[in-house]
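Chain nomenclature is as follows: A, B and C, assigned in order of appearance, with residue numbering initiated at 1 for each chain independently.
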Amino acid sequence: MLVRWKLWLPAAILLMVLVGIAVACGGDDEEASPTPTGPTGSPSPLSGKLEIFSWWTTGGEAAGLQKLYQLYPQQCPGDVQIVNSTVAGGGGDVARQVLSSRMQGGDPPGSFQIHMGHELLDSWVASGDMESLKFLFDQQNWANVFPQGVLDIVSKDGQPYSVPVNIHRANVLWYNKKTFTDAGLQPPKTFADFFTVADALKAKGITPLALGDKEAFASVQLLEVTLLGTLGPDAYKGLWTGKTAWGSSQVTDALNTFKRMLSYTNSDHASLTWDQANDMVIKGQAGMTIMGDWVDADNKAKGFTNSGWVPSPSTSGTYDALSDTFGLPKDAPNRDAVICWLKVVGSKAGQEAFNPLKGSICARTDCNKSLFDPYLQSAMDDWSKDSIVPSLAHGAAASPAWAADISDAVTAFVASQDVGALQGRLSTACKDSGVCS
Amino acid sequence: MTIRWSRVAIYGALLFFAVLYLMPVYVLVITGLKSFTEVSLDQMWDLPSGLHFASFRDAFDRLNGNMLNSFKMVIPATIISCLLGSINGYILTKWRFPGSDILFFLLLFGMFIPYQSVLIPLVKTLQQLHLYGSLWGLVLTHTIYGIPITTLIFRNYYAGVPTEVVEAAKIDGASIFGIYTRILFPLSLPGFVVVAIWQFTSIWNDFLFAATLTSNPDVQPVTVALNNLAGSFIVEWNVQMAGALIAALPTLIVYILLGRFFMRGLMAGALSSS
Amino acid sequence: MSKGEAAGPRVRGGLPRLDWKRARRFVTSERAIGMGLIVPSLVAVLVFVYGFIGWSALVSVSNWHNVNPDYTFVGLDNFRDLFKNFRFQIDIRNTVAFTVLFVGACLVLGLVLASLLDRYIRGEGIFRSIYLFPMAISFIVTGVAWRWLLAPRAGVNLLASKVGLSGIHYTWYTDSTVVYVHQGSRLADALDAIGLGFLADPNFGVPLAMISVVIAATWQMSGFVMVLYLAGLRAIPKELKEAARVDGASELQVLRHISLPLLRPVTLSAMIILGHQSLKIFDLIVSMTGRGTGFATDVPALFMFESTFRANNFSRGAAVSIVMLVSVSVLVIPYLFWSLRRESRL
């Protein structure tokens, strides 16, 4: 008995150690092997690992990303092994958390997906963690391919910091064609039209505007397009540069319109995500929804062919743009491989491969229209002639802290309906951000 | 046979609660068995039109590598934190020294911290240890943050072992290790069961550390992979719910098979005293 | 043998002379080995818990409001701003409401189920497994399932209408109503009279949307409490209960006067475990309701997450963590001291 127990414990420890070794040998080594750093765009073959970090985990987004990975070896000869690091959730919230922890911890990925505009410029660019991409833009002659509006948004002090792979539009009103035909309605062009149509739908027992704001961005986006429609593109842009006063009566009008629009939404909006709100439109329970053009991909996935679209009320001629972009972190491992990745992302072939699958349009103006579905083709037409404004809800217009303050103010407003308080909080948010004085 | 109405009432109540507790599982299962176009809020309770095992198959294909990763992470972490907790509990109850109570308190407090607040220094530290991004980093993290609760459970458990037994063994000349291996360890099985079940479940179900400390999809545990099944914009609910059931299977099996031992462990004093 | 005992004559006005023999005897003694075995755990916890919390505390008194670390000392400014922040005030209210309701519901339901099962039930194992299995599921999956179950246009509302109770149409977690004592009501006047008039404010109310989250969380954890109580009930000697019954006590009286007092340690353990979980609750909120209409289901952990990782306001996030930590400590430390002291007295 004594002998047995004496052997038991050491035997257990030995077993544990063996198991541990077995497990460790099966584990992965995450260190990127050192790569020779040559001059930019050198023809020497690339090797090593390239870690691309994004939140594109399923569906068309993941498929588009895989297409880019397939294109990579063609444009970047060598045997680079691409590591597809992805974290889903919250429209990028979880990914942002992981990215932030990694960047603060000194472990940047090769390149990461980030929205164009202040989301990047006021964070990793302001902290000096990103390299300027002017050399790349000049070398690839991208100034002649991307619209000036986009170049402005991705640049700080004249230096571009990220390459936009796609463009989405936030100011789109989607409606069910059959519902409208049955009710004898035309899709609304202005706010006045909108409310007329909304009243008519309400009279028929159909929810006029489907809203799904379990994720707070949906209400912020609704506010954004209302501001855009009321103020027009120039005054809207002025909100983000300090030129337009948040306390002005125009903004008050916009907020009152926003309040009125909310009164035509479904009462359970806090329990629905945007795609569940779209379900209401598809099923005829709601007439319209105002949401970005990822609704098109959702409709296709659900086999819905009766979808109609117009620019959101009073925003015709304006393109409220958001974009997913990739940049170059300063301490990125395997820098040459990353630079080549950026070339692929900004190339015609790359964007033509990615965007039809993702359900967005190219940021470039020279993509082949025939590759895209009808909605995207009409979006491409608009993109080439509309005035471009940055989206608030998707990181283009305001710094993350400012956008967070606005989001909090909107959440409180949806419950309180207090326009004065909302306007006060929005003004304070602008001051806190340092843009307004 | 006389029917005692009080017994009927009791069984009735138990059944009523059982139905309530099983409702969510019903929803998960039938949604997992539906095709994507059938999945919607207003058809939630309807049985699927057919048994579309495709989503289960799809979810399994996408998750099984990550399930393996989870096992690779959970098993070492559980074993090590259980052993550490047992040794700590042993020392703190049978080999007390001045300050051992304060030490216990210091160890225990670690259980109460909000884990989001330590993410950034944790990443930095694991970076310096060259463990960032690997399963071993997760094993280390879970082991360390598991020490408080395992120590608590074992300490309470061993406090129920009479000191006379230990004193008698000391007089007989047994060493500190001898007493552990010959007296306490054999008695510890119920305690180990409670701790192992608790640790297995909480480490298996952890998302925060798994998402932050691993980035390569080949290395990620199943909680992150399951979250990624959902996608960031368009959610395939049928695949997600099928995936959720599959990912929960190991812990479910642990609870169903070992639930009885869990009970016995608790009754033997793992959490009752103090 | 006490470690701290000075040995040998002390040098006047200087350090005590070390008794090498005694020191050597001690170091190789069993007691020292015992202490040595704890050292790895202690070191690990010192770094990974106290070290990191210390960093968090440092950040909470710094001026770090953007991506670049800035450790300039600003005293308690962050905390002052935090308590003035309207969202944080709502969070505090929500946490208090959630904790009270969640812990209460789990304790009650756990006790009810345990007493039902403690009666020679056939199939006890099956019932116990059914009530216990939700614990095996992660909070994220629970959140997703209950989000569907309590969605107003689906879930239990839909089920109720299918079985004919079409009148029920509760808004569950989309309800932004907060139940509080209104100014001008009689209760408010009464509170005023005893100097507690400030309590008549929405910041001291109960957000009805939280009830849905409480339901989901209780579903998850009440089985665990049930098992604790079942173990506790079974540990009560039968003779005590029999004696009471012989003396004419009803079942309820037996429960109240005999079982419950003896179950007090179990109740306290359960309260601690549930309490600290509820103060940190995050996964469930994110997957089930998000912040809710008007922040009805917002909690400090979510605010901390968004402050740190979305708004890049690291100091504010750290301040929220410190407040969360302090609130848990306030709950837990007195209990720990009390129980440790009680043990040493026994």
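Note that in this section a residue touches a chain if its C-beta (ideal position, glycine included) is under 8 Å from a C-beta of that chain, and two chains touch if they have at least 3 such contacts.
The structure displayed is predicted, hence computed values, not measured ones.
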Q: Decide which interface, B-C or A-C, involves more C-beta pairs in contact, and give its chain pair.
A: B-C
**Q.** Longest centre-to-centre distance from subunit C, chain (CA-based)
**A.** A
Q: Could you put a whole-Å number on the gap between the CA centroids of subunit A and subunit C?
A: 36
Q.
Measuring centre to centre with CA averages, how many angstrom lie between subunit B and subunit C?
A. 18
Q) Which residues belonging to subunit B are in contact with no fewer than two other chains? A) 41-42, 120, 227
**Q.** Residues of subunit A whose C-beta touches two or more other chains
**A.** 90, 97, 100-101, 104, 272
Q. Using the touch rule from the top of the page, what residues of subunit C touch 2 or more other chains?
A. 151, 153, 305, 308
Q. Contact residues on subunit A for subunit C in the complex?
A. 90, 93, 96-97, 100-101, 103-104, 122-124, 126-129, 214-216, 266-272, 400-401, 403-405, 408, 411-412, 414-416
(Q) So in the complex, the part of subunit A that touches subunit B is made up of which residues? (A) 2, 5-6, 8-9, 16, 19-20, 23-24, 26-31, 51, 53, 55-62, 83-92, 94-95, 97-98, 100-102, 104-107, 109, 272-273, 275-276, 279, 283, 294, 297-298, 301-303
(Q) Applying the document's contact rule, which stretches of subunit B touch subunit C when the two form their complex? (A) 10-11, 13-14, 17-18, 20-24, 27-28, 31, 41-42, 44-45, 84, 87-88, 91-92, 95, 97-98, 101, 103-118, 120-122, 125, 141, 144-145, 147-148, 151, 159, 175-176, 201, 204-208, 223, 226-227, 240-241, 244, 247-248, 251-252, 254-256, 259-260, 262-263, 266-267, 271-274
**Q.** Footprint of subunit A on subunit C - complex, ascending
**A.** 65-69, 86-87, 147, 150-153, 171-174, 176, 286, 289-296, 305-313
Q: Could you pull out which subunit B residues touch subunit A in their complex?
A: 36-37, 40-42, 72, 75-76, 79-80, 83, 119-120, 123-124, 126-127, 130, 132-136, 177, 180-182, 185-186, 211-212, 215-219, 224, 227-236
